[in-house]
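The two complexes that follow have chain A in common; it is paired with chain B in the first and with chain C in the second.
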Partner chain A sequence: MEIFGHMLQALIDPQLVIYLAVGVFLGIYIGAVPGLSVTMAASLLISFTYSWDVLPSMAAMVGIYIGGVYGGSRSAILLNIPGAPAAVATALDGYPLAKKGLAGQAIGITVVQSVLGGLIGTIILAVGAPALAKVALTFAPRDYFLLAIMGLLLIGSLGSDSPARGVMSAAIGIFIGFIGMDSQTGHMRFVIGPSGSLFRTYMTLGVSYVVVMIGLFGMSEALMQLRDLSVKPVKQKVDKIVPGWKNILKYLPLSIRTSLMGTFIGALPGTGGDIAALMAYDHAKRTTKDPETPFGEGALEGLVACESANNAAIGGACIPMLTLGIPGDAVTAIMLGAMYIHGLNPGPLLMKNSADVFWYIIGAMFVGNIFLLIFGFTGIKLFTKIVEVPKHILMPIIIILSVVGAFSINNNLMDVYWMLAFGVLGYIMKLYHLPVAPTILGIILVDLIELNFRRAAVTVGNSITALLTDLVSHPISLVLLVVIIGMSLSSAGVFQKIRAKFPSGAQAKGSKA
Partner chain B sequence: MNHFKRVFALLVCICLMAAALAGCGGSSSTTTASDPSNSSSTSAPAETTGIDYPTKDIQGSIMWSAGGVCDMSARAIGAVAQDALGSNIIFTNRAGSGGAVSTTYVNAQPADGYELLFGAENPQIAKVMGTAEIDYDDFTPIDLYCTTYAAVSVSKDSPYNTLEELMDAILANPGKIVMATTGAGGLPEVVAAMFADVVGTDPILVPFDGENECMTAIMGGNADYTITTLGSAAAFYQSGDIKLLSMIAESPVEGYEDIPIVVDSYADFSKYVPWGPFYGVFVKNGTDQAIVDKLTDIFSAAAEDSDFQQLLRDNGCFPMNVSGDEAVEYVKSYRSITSWLLYNSGATQNSPEDFGIEKP
Partner chain C sequence: MKKRKLEKGELGFITVLGVFSLICLIASMRIFVTAPTLNGEGTVPLITSCVLVVMTLVMLLETRGCPRGFEKGAALGQKARELLQFLFPGMVGPIILYCLVYAVLLSILGFAVSTLIFLFVSMITLNREHKVRSFLISAITLACIMILFQFIFKVQLP
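Moving on to the complex of A and B:
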């Protein structure tokens, strides 16, 4: 009963409701600006909240978090520029919809699916947090390694008709991911520049994948579009924005599956909404037998999957944060910092010692999602107008936002130079029809794959046989291994022919993590 | 027409880019530019009161990202100090390369007292680890306000109940016992090197992303033990999820008096303790001594603030208040002990001698 009292506070305390609502609102619009991310919004907010009480500052944080993760999808749909890494997959089918003049409808679906995913994630957080946290803890380095390998198999799904081009693009990403100091041994990899220079110091740290993302998507997209200014912007239809019940019910089974995936992947301390969204997208692509529109050309299933998954990952990421004091992603790390400053002791004792805060956060997540449903439908007409702005005005603005976004990550001008370089790289890649999404995937996954493989190998004394034994003797590893083998086989040409002969079965067995 | 549009778009791009770049990079140049005017217009009172500082907002660069002890302690002491200074401290997290991003940044700014560096011990091993060419030699410590201890922890289900049991198990099972670390040059590996020297233990070192991940690794059964700062272990110890086997300290630690100290188990350890991370505020060398003195007075007073000290204790950290020559010595001695330890244990091939770091 007390629990509901704490949760209800999110609904009845007017001050908290206002902070939460403002947070969601700002989150949506900050997240929607290409280059400005929810992580940045949260780290800006944290300095304001020091002088506030605990609950108001948590309210604002939760609001920004929920709104920001959703907001990233808007620029992905309208401009093909994801507002955050978690929205990379959204651009794959969202942007083709905008090109057809259906941006309003696409945004409507992302709102509903984000709210659905957010609510499912929150319910799991409220009901199963301690139990799920225990499972997440037992994820060993070898399991993260397998999970990341599974992620690598997604390259085939990421918007290219040529798998070879996808692999090439991912290889570029993996190479970029290697640059910098090896965090395990301190060795330098591909670090160049005069010693003592800011440039070398920067390379030592490695290139932030947000910088790469802003360059490859924002900057290069602007350059690409400036090539041909004569293309008339597509007139957007904005009459049927709110998706009907029929539409929601039709995709409900898919959204529930991808929300569960999103929650679990978010709950793992090493992975977050970005990977969750990509895996969900892949899952949708594998399990949808005949989409009305093919994937990559505006399939609604693609939007449904990644938007429900990345918002469900919020609830997931809060599980290790609230039960163990371990951040599930960058935003939860900032929230933890805020808790410390307010004299709370986040960690295993939070649920016991500060039950009010614990349950308030969960309550705020429920209410925040309701605000998302309301505010998500604001400004759609205005936003879709962006697409109709003449390109010789819009594209320079996007370039500016890319510069500002890159600078604001660490207030480091070096990030801007690198972003510009990646903008040119992305431009060249696009000229040669190399998809850029696999590059981002490569950068996100390379650390997971490499570091965890080395951890797993070192743990068993660098013995290959011992490592292989580990992979098949632990239940989680075994399941992941079987899924990977299944995924690889199902993509192989031979098996697709066999499957064509047996229309049903085998299909659904895909990528359920 | 189309040609015109293209040229126009290009021009707009170039202008806006130039404006944005100037806006981004210009903050430092505008600060320096405003200095002469400040000092000329206010030179008269400056002579009467000694110094006229601060006359504008002060920038604070935090070496680690938001959320950790470095960030938390810097913002908390900054909040106390800025009231006494009568000027805001505007904090920016400039994380990366074990602190080198912040040290390089502040070192590139003018030594006028308006750029403070809030840092931890990490730059003191940057030279031997090869991550950066500058360390605290290039900075003047204002105040070291926080320290903590390293602690040996195991999961609550671990068969080991004392440090000796754990160490004996490592000696008896070579290549079997796994210790979670934070990678080359991190605190866990430094303390592991101390144990290698004193006890002769050689566990398998598995590097994780950070100390929190080390705690997760032992709780999830993916490592047998870990050695982290007390700050990372305290909450899990209080909740009963882990056992603390030993404190790397020379005398019992306040609030943790029932945890055995390492010198009671291995007397030879006394050559390494007291040793622990520190957090402090620094300015670039060459800053006016009067400004250094004023900052030192203000931050030393702030370090005594009871709310600030309580915040540190709540997070497994301990207030300290070391400034002036004592702080210079403290920082130097940390570098000497740690650099040589890393070199002797083979964690790095760069000899501390090459950087003029004397033996402890």
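Moving on to the complex of A and C:
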């Protein structure tokens, strides 16, 4: 009863309701503008909330977080520039929908799926936080390594009919991720340029994946669009924004599955909505038989999977933050900082010593998702007008937004130069059918892969045999390994070949008839 | 990969990727030999560069039997012209050039002036009509960006 009392505060305290609502509203629009990230908004908010009480500051933080993760999908759908890393997968099918004049429908679906995912993630947070935190803690470095390899296997399905091209693109991304000082030994890797030059100094610190993301998605898309200026902007249909019940129920099983995936992946420290969304997208692509529209060309299943997963990952990311004091992603790291500022001690004792804050955050996440459902449908008509702007006006503006977005990461002009270079690279990659999304995935996963591989190697005394034995002798590792082998065989089309060679009885009869 | 007609210069692009992969492999090996252990800083780069080399070979094998992008027996000069036309058709080349000039001007003239010039010149290059309207749109866009980023969200601009 006491727990419900704390949770209800999110709904009945007018001041907290206003802070939460304003947070969600601002989060949506901040997330929708390329260059303004949820992480940046949350870190700016910290400076405002120094003098606030704990609950109002938590209300605003939770609101910004929920709204921002959803907001990133708008620019992904309308401009092919993911407003947040979690929206990378959304662009894969959202932007093709906008090109067909269905941006309104796509945004409507993302709102509903984000809310569904957010609510499922919050329920799991409320019910199973302590238990899930324990499971997440049992993951050893080798398991994180296998998880990252699983993530990399998605590449076969991200936007190319050739798995080799996907793997190539991901390996390029991983290599970009290696650039700079090795975090464990301090050794410089793949750093070039004259000693003492700005270029070399920049490379020492490594290339930000947000810079690569803006270049490969936003800038390169603007250049692709310029190839044919005679194509008139598509008139967007905005009469059926709110998806019908039939539509929601049709995708409900997929939403539930990908929300569960999103929550679990979000709960693993060091992962986040971006990885959750990409894994969910892959899951949808593998499990959806005969989608109405092929994946990568505007499949609604692609939108459903990644949007439910990235918002569910919010609940997941809060699990280690609230129960162990370990941030699940960058935003929860900032929230953790805010909690320390307010004298709280996130971790196993939070539920005991500050139960009101713990349960209020969960309550705020429920109410925040309801606000998302309300505010998510605002401004859609205005936003969809962006796509209808003539190319000769829109494309230069996209380039400027890409420049501002790249610069705002570190306030460094070098980021702008790199973004432009990646823009041209992405443009050439697209021309030669090399998908760009796996490159982003590679850069995102590089730390997870390398750090955990090296940690796993250390734990077995740098012996390959011992490492392989380790992988098959632990239940979690074994399960992950079996999944990886299954995914590899499925990517290589082995199952299809076997099925073709040995058709089932019904199929065989059908073919004879 | 489904058999399709190769794009102009696609084989050349794969070759460039192959050269890049080999450079990565050599650079990774040089790092690996400094700490030749499983947890060394060169191990994962070495594995990744091997993957790059193997994938380049697979991509090359996949192009077997695909119709080539260039006409058979075309002269080198003609191939180069066709390649440039394929890579930078219409206004793509000029806009990439403007981007490079803009990147240089940013540090000299500052964000406001260089952005206004870039927007205006790009817009009239892409559509020569409505010069006054293009200038007004450029100025309004710049004002909106500055108000939103610099004054409301306090984001530093270049």
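Assume the second predicted complex is superposed on the first by the 489 of 513 C-alpha atoms of A that agree within 3 Å, B and C clash if a C-alpha of one lies under 4 Å from a C-alpha of the other, contacts with A are read in each partner's own complex, and residues count from 1 in each chain.
The definition used in the following text is that a contact is a pair of C-beta atoms (placed from the backbone, for glycine too) under 8 Å apart; a residue touches a chain by one contact, two chains touch by 3 or more.
A quick note: this is a predicted structure, and the numbers were derived from the prediction, not measured.
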When the two structures are overlaid on chain A, which partner does A:46 contact: first (chain B), second (chain C), both, or neither? first
Between chain B (first) and chain C (second), which does A:341 come into contact with in this model arrangement: first, second, both, or neither? first
By the touch definition at the top of the document, which applies to A:393: first (chain B), second (chain C), both, or neither? both
Of the partners chain B and chain C, which touch A:411 in the superposed model: first, second, both, neither? both
First, second, both or neither for A:201, with chain B first and chain C second: first
A:162 in the overlay: touching chain B, chain C, both, or neither? Say first, second, both or neither. second
According to the stated criteria, A:30 is in contact with first (chain B), second (chain C), both, or neither; which is it? second
Considering only touches as defined above, state whether A:174 meets chain B (first), chain C (second), both or neither. second
Chain B versus chain C as contact partner of A:139, first or second or both or neither: first
Overlap of chain C and chain B interfaces on chain A (superposed complexes): 182, 184-185, 226, 229, 390-393, 395-397, 399-400, 403-404, 407, 411, 413, 416, 454-455, 458
Mind pulling up the chain B residues that touch chain A in the complex? 2, 5-6, 8-10, 12-13, 16-17, 20-21, 24-25, 65-68, 71-72, 75-76, 79, 91-97, 100-101, 104-105, 108, 129-134, 175-176, 178, 183-185, 204-209, 212-213, 215-216, 219-223, 235-236, 238-239, 241, 310-311, 314-315, 347-348
Please name which positions on chain A make contact with chain B in the complex. 43, 46-47, 50, 137-141, 181-186, 188, 195-196, 198, 201-202, 204-205, 226, 229-230, 269-270, 324-327, 333-334, 336-337, 340-341, 343, 345-349, 352, 390-393, 395-397, 399-400, 403-404, 407, 410-413, 416, 451, 454-455, 458-459, 461
Chain C residues within the chain A interface of the complex: 1-2, 7, 9-10, 13-14, 17, 24, 27, 31, 34-35, 37-39, 41, 43-45, 48-49, 51-52, 55-56, 58-59, 62, 86-87, 89-92, 95-96, 99-100, 102-103, 106-107, 115, 118-119, 122-123, 126-127, 134, 137, 141, 145, 148-149, 153-158
Within their complex, state which residues of chain A touch chain C. 30, 33, 35-36, 40, 44, 161-162, 164-165, 167-168, 171-172, 174-175, 178, 182, 184-185, 187, 189-190, 223, 226-229, 390-393, 395-397, 399-401, 403-404, 407-408, 411, 413, 416-417, 420, 423-424, 427-428, 431-433, 449-450, 453-455, 457-458, 462-464, 467
